[in-house]
Structures are given as C-alpha cells and as structure tokens.
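Since the structure comes first, as structure tokens, the remarks are kept for the end.
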Amino acid sequence: MRVATSLALVAAALFGTAAQAQVNVKIGVMNDMSGLYADISGPGALTAAKLAVDDFNPAAHGMKVEIVGADHQNKPDVGSNIARQWFDVDKVDVIVDVPTSSVALAVSDVTREKNKVFLVSGAAASDLTGPKCSPNTIHWTYDTWMLAHGTGTALVKTGGDTWYFLTADYAFGHALERDTAAVVTAAGGKVLGTVKHPLNTQDFSSFLLQAQSSKAKVIGLANAGGDTINAIKQGAEFGITAGGQQFAGLLVFVTDVNSLGLKTAQGLVLTETWYWDMNDANRAWTKRWQAERQGKFPSMVHAGVYSAVLHYLKAVAATKSAADGKAVVNQMKALPTEDSLFGKGSIRPDGRKIHPAYLFQVKKPEESKYPGDVYTVRATILAEEAFRPIKDGNCPMVTN
Amino acid sequence: MFEVFGVPSQALFGQLLLGLINGSFYALLSLGLAVIFGMLNIINFTHGAQYMMGAFAAFLLLRHTGIGYWPSLVIVPIVIGAVGAGIERVFLKRIQKLDHLYGLILTFGLALIIEGLFRNYYGSSGQPYGVPESLQGGRNLGFMFLPNYRAWVIAFSFLVCLATWYAIERTRLGSYLRAATENPALVRAFGINVPRMVTLTYGFGVGLAGLAGVMAAPIYNVSPQMGSDIIIVVFAVVVIGGMGSIMGAIVTGFTLGIVEGLTKVFFPEASNTVIFMIMIIVLLIRPAGLFGRMA
Amino acid sequence: MATLAAATPVRRETEWSVAVAGAALVILVIAAPFVLYPVFVMKALCFALFACAFNLLLGYVGLLSFGHALYFGWAGYLAAYSAKVWGLPPEFAVGFGTTAAAAAGLIAGVVAIRRQGIYFAMITLALAQMMYLVALRVPMTGGEDGIQAVPRGKLFGAFDLSNEMTMYAFVAAVVLAAFFLIYRIINSPFGEVLKAIRENEQRAVSLGYKTDDYKLVAFVLSATLAGLAGSLKALVFQLASLTDVHWTMSGEVVLMTLVGGLGTIFGPLVGAFLIDGMENYLSSFGQWVLVIQGAVFVICVLAFRRGIIGELAARLRVRL
C-alpha cells in the first residue's frame, strides 16, 4: 500500500510538472445486466456513464477515459471476483453502481484492500456509510434509512398513523422494518403488528389476510422486487385498498410500478430521489439517454451514476491521477457537487452524498397522459433532513 | 368464535381455504409429473419451465392478440402440450434406451435453456396479467373475504384432476396407457402404436403444466423464475405421495397445500420448508411414499 | 439395469496412462500460477475437487446426487464462520468445515439411500433445497450478504495465507492430495465393490455384500470431499455466500462431471477447468450463461455421453 502511494506521488510529481502528460482513467460499471435489477440499473447505467464522460470532455482536461461493464448477477461472490480481476488484472480505477447490497458490501471490502474507488448508486444498505463505511467508498443516490424516513414520516403526517408490516424474513427485510418502525413511532404513529414471510413467496394471501384483520391504516411492505409486486398484486385481489387500507412500498422502483401496471399500483406511496419528468433539465437528459435505450425511462439509479461519474472525473482532474483511491475520494469530498440532475450538493466525511428526496404517489390510469407518466410529487424532503444524521451512523472513520 | 391454539377460528378457516388454493397448483403439477413418470419413467425436470411457458403464453396472447383468459384456458394447454410432444419426439425418444438418470439431466438442461431464453427477452421483473372481468371481486364469507378467482381455481383444478383420473383409470384409452407402462412390447403386439401413445402422454402431462400456468398468471408474478421456484416443492410432493398412483398425486397435492397453509398461521417462518420436512419423515417411515408401491 | 457411466476398461497393465496423466497434472498445477491469474486457478482447483467428489458417487457407484451443493456450501459457511468469528487458524477452519460436511453426508445419506435411481436424485435435491432455505434465514450465514471479509490467517501459525502464492501452494497441495486419495479409493477392494454395485446391484447383494452400507460409506466420502472443496473455496475468496448452496451449484457440478467424463479419473478435473473458464469468458454475456449451460447438458446427453476424457480414453484405449 505504501509503495503504491509513494509511486503515485512520484508519478503525480512527474506528471504534474509535465504540463502535457495524459491521465488515463478506466471506469468499471458493474451491475445486474440481465436479472431483477436490469431495468433500474443494467445497461442503462453504462449509457448514463457515457453521457457523464461526454459532458466532462476528457480531452479538454488532458485525460483519456475508458468505460467497461460487467454483470454481477446479484451474487456477492461473482461481484467480488469481478472486482478483484478488474483491479488486479484489468487496471480499472473506479467501480460504479452495483445494486444489491450484499454485492456492494463485498465490493467495498475489495476496493478498500486495493485502494481504488467505489461509487455506489444502485445498492441500498445504509451500513455502507455506517459501521461498514470506508475511505474508498461513496454512497450516492439513496439508502434504506432515507427510504424508511421519507415514506414513514410522510405517511404518518398525512394520517397513516397505524402500521402493520409485511417483512421479508432475511437481513435486509428486518433492517428495513426496524428502521421504518423507529421512524413511525418517533413521528407519533403506532405499529400494530408484523408478519414475516419467506423470501420469494409466491402466495401472500395468508399474510395479507392477517394484515387486513389488523385494521392498520398503512401496510408497510418491508421487502423488494418480486415479493413487493406479488404482495401488491394480490392485495388488489383481496380488496385491501378498496377496504380503506394503504400500501407503503418501502423499496419500490419505477420499473416495479411498470410491472404492476397503473391499475394495480395506483395510489402507492414511495420515496425516490430523482424522477425523469420533474423538470426540464431532467427531461432533456432523459431524451439524450433514450437515444441509446429506446422505449425505456431512466431511474434514479441511472441519474446517480451520471452524477457520480461526473464528479469523480472532476476530482481526478484536480488530483491529476486516478491511482490513489483515498486521495481521489478526499478530493471528491472537498469539492461541492453540481450537475444538471441533482443540482448543488455535497459529500459528507462518512461517504454519504447529500441531496433532496421526494415523496411520490403513483397516478391513477386516467391521470397518466403519456408513456412514462406515472408519478405525482407529493412532498419534497430537504437534503439536510433526508439522510441519517452523521452522529447516528456509527461510522468508525467519524467517531475517531 | 372459538380459538384453536390461540388463533381465532376465523383466521384458521381462512388459511385452510387459502391452503386449498396452493394445493390446487401442487395437485395439477404433481398430476402432470405422475402421468409422465408413469408412462415414460422420466422425471420431467422441464415441468416447471413448461408451467412458466403456460403463464407467459397467456400473457403474450393477451398482449399481442387481445385474446383473453377464457380462450387461453383452452388454447394454451394445447399449444404447450404440442411443444411438449415436440420435445418428446426430438429429444426424449433418443435417450429412451439409456439409464433414466440421463432423462433427468436432459430435461434439466432443457429447463435451463427455456428459463434462460425467457429471461433474456423478458427480464426478471415479471409481467402484468389481470384477473378476468367475469371473475373479479369476491364474496364475504363471514370468516374471510374470498376472491371469486381463487374459488374458481379450486373448483376448476378439482374438476381437471378428477377428469384426468377418470380418463386414466376408467376408460379404455386409459387402460391401454396403463398396459403400455407395464409391458410395451406386448401392447405393441396387439397393434397399438405405443410410441405415439408415449408422445401423446408426454404432451398431455405438459399440457397440464401449461394449464396450471394459465391459471397462475392472474395471481402470481408472471416471471421466468416462477417455474424453478415451484418445481422443487412439487418434486417433494411427488416423493411424499409416491409416484405409483394418479389419485395419490392428487390427494397429496391438495393435502400438502392445506398443511402448508396451516403452517403459515402457526409458524409462518417454516412455511416454505415444512413440505421438505414432511418428505424426510415419510421417507424414514414409509420409503415408497404414502400411496406408492415399492419399485 | 443399464449402466450409467461409460464402461471403463479394467486393464491393470494400462496404469501407465494414469501415471503419465498424473505427472502432467502435477507439473501443470505447479506452473499454472505463473502463467494464469492465480485466483482463477485456485477457484478451478476447488471446483475440480468438488467435481471429483461428485464423480466418486455418480461415476463409480451410479448414484446421481442432485443436491451436492449442500455439502459444498455449508462446509464453506462453517469454515468461514469458524475462521472469522471464532478466529480458528486455517487448518482448523478447513477441518471443521470438512467434518461438518461428513456429518451432514451421514444424515442425508441415511435418508436418501432408502430409495434408488431417480427417487434418490429427487430426494437429494429436496434436502439441498431445504438447507438452502435454512441458510437464507439463519443469522449465522449472513443471509443474502453471506459471510464476508473472512480472514485467511496463518497456516500452522507460520505461513501467511494472505500472500496469493502461499495460499496457492496450500490449495494445490490439499487438492492434489485429495485427488490422490480418490484415486486410491477407486482402486482399492472397496472401490471394486462399488463398481460391482454400479454394474449390477442385485448380483452384488446375492454375493453377500451389504450394498446399502457400501453406498452409505461412498456417499459420506463424497460429501466429505465436497466439503473440503467448499471450505477451501471459502478461504480463497474470503467469502461464503448463498450461491454455494443453491440448486444451480448442484447442477453445475453435474455439468462439469458430464462434460469432463463420467467415471473417469481426470474427467471431472478437465470439466471443472473448462466450465470455469467458459463462465469467466462469458461473464460479459451474463444473460446467456443459463442457456449455454442448458445447451451443453442437452448436447452431452444426446451425443457426447462419454465426455472429453472419456472420449479420449476410448480412442486411445487407455484408462484415464
């Protein structure tokens, strides 16, 4: 490690003095290209990264940037293998995206070991800026604390003060339920009960039955992907929303809404940090993105990849080298962020990127005027409030 | 109302009814497997993928041709059954003379191919397929709200299972089938086209899987994984029932659905492993399965 | 009963082919890390051992276990857990994982051996699936995250395994030793009885052999060696995850053995390297891996049942 740092310093010194020397950067976009998260992340993230590189204009900064992609298939062993190979053999400097928290945690470990950079856009685990924080990792876009806090507080404030949880019985589901329950109770609500279902449950009828008989105003879905979709779909069958109860999707993406169709998903309340149709800048960027991805719409994960890559390149331009991961990350934390998608923001010492979050509600079918028109903005959560306060995170880098 | 082990009887009856619904799918699928195994002595690992194809076929018919649920109920099993017959002709006939384990490996490979292809084209998130208009809504039975569609699933599966059992055990065609299982050479000597019967039987079993797929589409997530998720459980069901008898497969399917439903009430975390645990117990006490005959 | 594996010629005088191939193997294993990426070779070696363990059961006894990932994956979990949480040195962590696999093999074997053929395969599959579902829920395995950042530790208190080459030497030595052990098992009187059971179990019974006991011992041996492979792999990657207990992993080991050659000594080894290499190469086409694996299965069963080494051995008329 020390050898690498001193070499980097020497290189920086040499290259710094030579005004025309070129800095080569290789960016690795790793995510789920073919499975559950292929639509919210997948090849669209590669497109987003390319747009960021184009907008940065490497030639003007004396840099040359290359992008490679890989599919981690949502498996931590595949992800950590690819990361190792990328860093050891293929000379990749930074890994971007990585949805699925278990993979992100594994990649974060490898990145720290090799002193490179890891920019997380797709994964949710708030542990990445908590107990597992790292000087080589920055967590962009969103995390579980923000989701729990955003949806939970907003719903309690609008009258949803009694909750019943449908929780996927594994670490992620438990964490999501725990975080949201804490938020709900703190905001003055009450948790009436909870039921745990096995991961990848096909049939939610019995669990929904229990949720229905609890008479809670809000049914919190502490699960993701296929489980959330199944629960909502079958909930419609059992007349849950017709009976006056509301579903809160704690981890729902715009692609899940499309899977469900507006007829089933209407009224669902969720939190995200970016939506393509919110303002002109977003719409313009979406058009550019769609040139490569016809018929699809970008998600907040894609926007996060764009924002992260852009800021990274700016930092590398300042440090004049991509070799020392820690140094680049420190530079990224020192520079305030600014881009057309997230506006002005900053990165905290624990690696958490700060920006506002938004509470969305899914439109009724008759309210949707054109393809992709699925959300109404219900509330804006300011950047300072959206994410977990740094003192509550237990990040070893900060508590020292 | 009264309580059973701390659970109100309303919730209990509600879960029992729901368990019957799951049981319907288990029964339909294990029936298909039993029919195929009885005739060909092959464990059709592709069964799950064929169930998935049934669901997707219903979805595609609706999306591209506007053909809805009711016609799909008839069209899809025939189409999927035909695909099955094709598979039998092209692949399974060739390995007939080999050890049956090769059949297992081959059908496993086919299942991977089918699931992989669908994953490529449709992704993993699942496709929307609504409950047909005529079956929407439900009725309040007092102890629970039963959606009409679920009631239909129970009734129709029951009918199909009964009809299949009757066809195989009580009709002449069925008797030819059963005879051909025992002694194909002799049956052939009587002038009956055994290879064609084998093809048709496989097609029929696969058609049953396709039918289950169509029925599942409105309530479960139509995704490429739906087959592999359910097939291993159905294998366990079949081992518990013993593959000797058709009635055994049907009864075991419905019963295990109910048992699973009960587990969801009393011990929800174990609900997806309870069938496997029962399998182990049955194997230790009665290795041939509850209704099976030792081969 | 039709035999499953290609008939292996029982000709003692052709042992030279095995010796030559064995020598070539040792030389390749020693040279490999200087030419290829060491982590890749270590991974392939672990899978090679896994496939050889599986082949012991299928190729030599005729029992198709469709749930071998149970031993591979759970041994990995236990080795990882003992190294990370209990701080066991690597030799004990691996030993712990392997022993646990043996115990699991005994329990599973007692249940599964009661049936034969297809039923046996389905039972092993169902057992493995059940243990997968348990792995999903039990806190010790870390669920979706798996057990990460497993320390490799110091072998015998002296050799620091975080050095890739030292780790490689350890893995290579263990795998080659296990490989040799399998070879000795196959060629022992015990091995001859196993082959007799595969050819015609009724006859073996009539000769007075307690076939169920032999089958159980073979099963436990196979599970133990699979567990050894899994424990090593957990230390190599410093990670034990759900992938290793999933039914697709059970399917992969069947694929490797089939492609390499059922019932041959070197077949599973070759199969493992090939399939691993293929997956490495295809990792950018993630979505096609499933389809290609399935296609390889189908083609092998229809047209290539002897596998690569099997074909080679048949052409050269030697034993490999």
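Each chain carries a letter (A, B and C) given by its place in the written order, and its residues are counted from 1.
Here is the rule we go by: a contact is a pair of C-beta atoms (placed from the backbone, for glycine too) under 8 Å apart; a residue touches a chain by one contact, two chains touch by 3 or more.
Because the structure is a prediction, the values reported are computed rather than measured.
By number of C-beta pairs in contact, chains B-C lead all other pairings.
The most distant chain from chain C, with centres taken as the mean of CA atoms, is A.
The distance from the centre of chain A to the centre of chain B, each centre being the mean of the chain's C-alpha atoms, comes to 39 Å.
We define each chain's centre as the mean of its Cα atoms; on that basis chain B and chain C are separated by 33 Å. Chain A has residues 34, 169, 198 in contact with two or more other chains.
For chain C, residues that reach two or more other chains under the stated contact definition are 133, 137, 287.
For chain B, the set of residues touching two or more other chains reads 119-120, 269, 272.
Across the interface of their complex, chain B is touched by residues 1-4, 64, 66, 111-112, 114-119, 121-123, 125-127, 129-130, 133-134, 137, 247, 251, 254, 258, 287-298, 301-302, 305 of chain C. On the chain A side of its complex with chain C, the touching residues are 33-34, 69-71, 73, 75-78, 80-82, 84-85, 88-89, 100-102, 105-106, 109, 169-172, 198-199. Of all residues in chain B, only 41, 43, 91, 94-95, 97-102, 104-106, 108-117, 119-120, 228, 232, 235-236, 238-239, 269, 272-273, 276-277, 279-280, 283-284, 287, 295 touch chain C in the complex they form.
Contact residues of chain A toward chain B in the complex are 34-36, 38-39, 169, 195-198, 200-203, 205-207, 209-210, 212-213, 225-226, 229-230, 233-234, 237-239, 255-256, 259-261, 263-264. Across the complex, chain C meets chain A through its residues 37, 39-40, 43, 133, 136-137, 139, 142-146, 148-149, 237, 239, 241-244, 283-284, 286-287.
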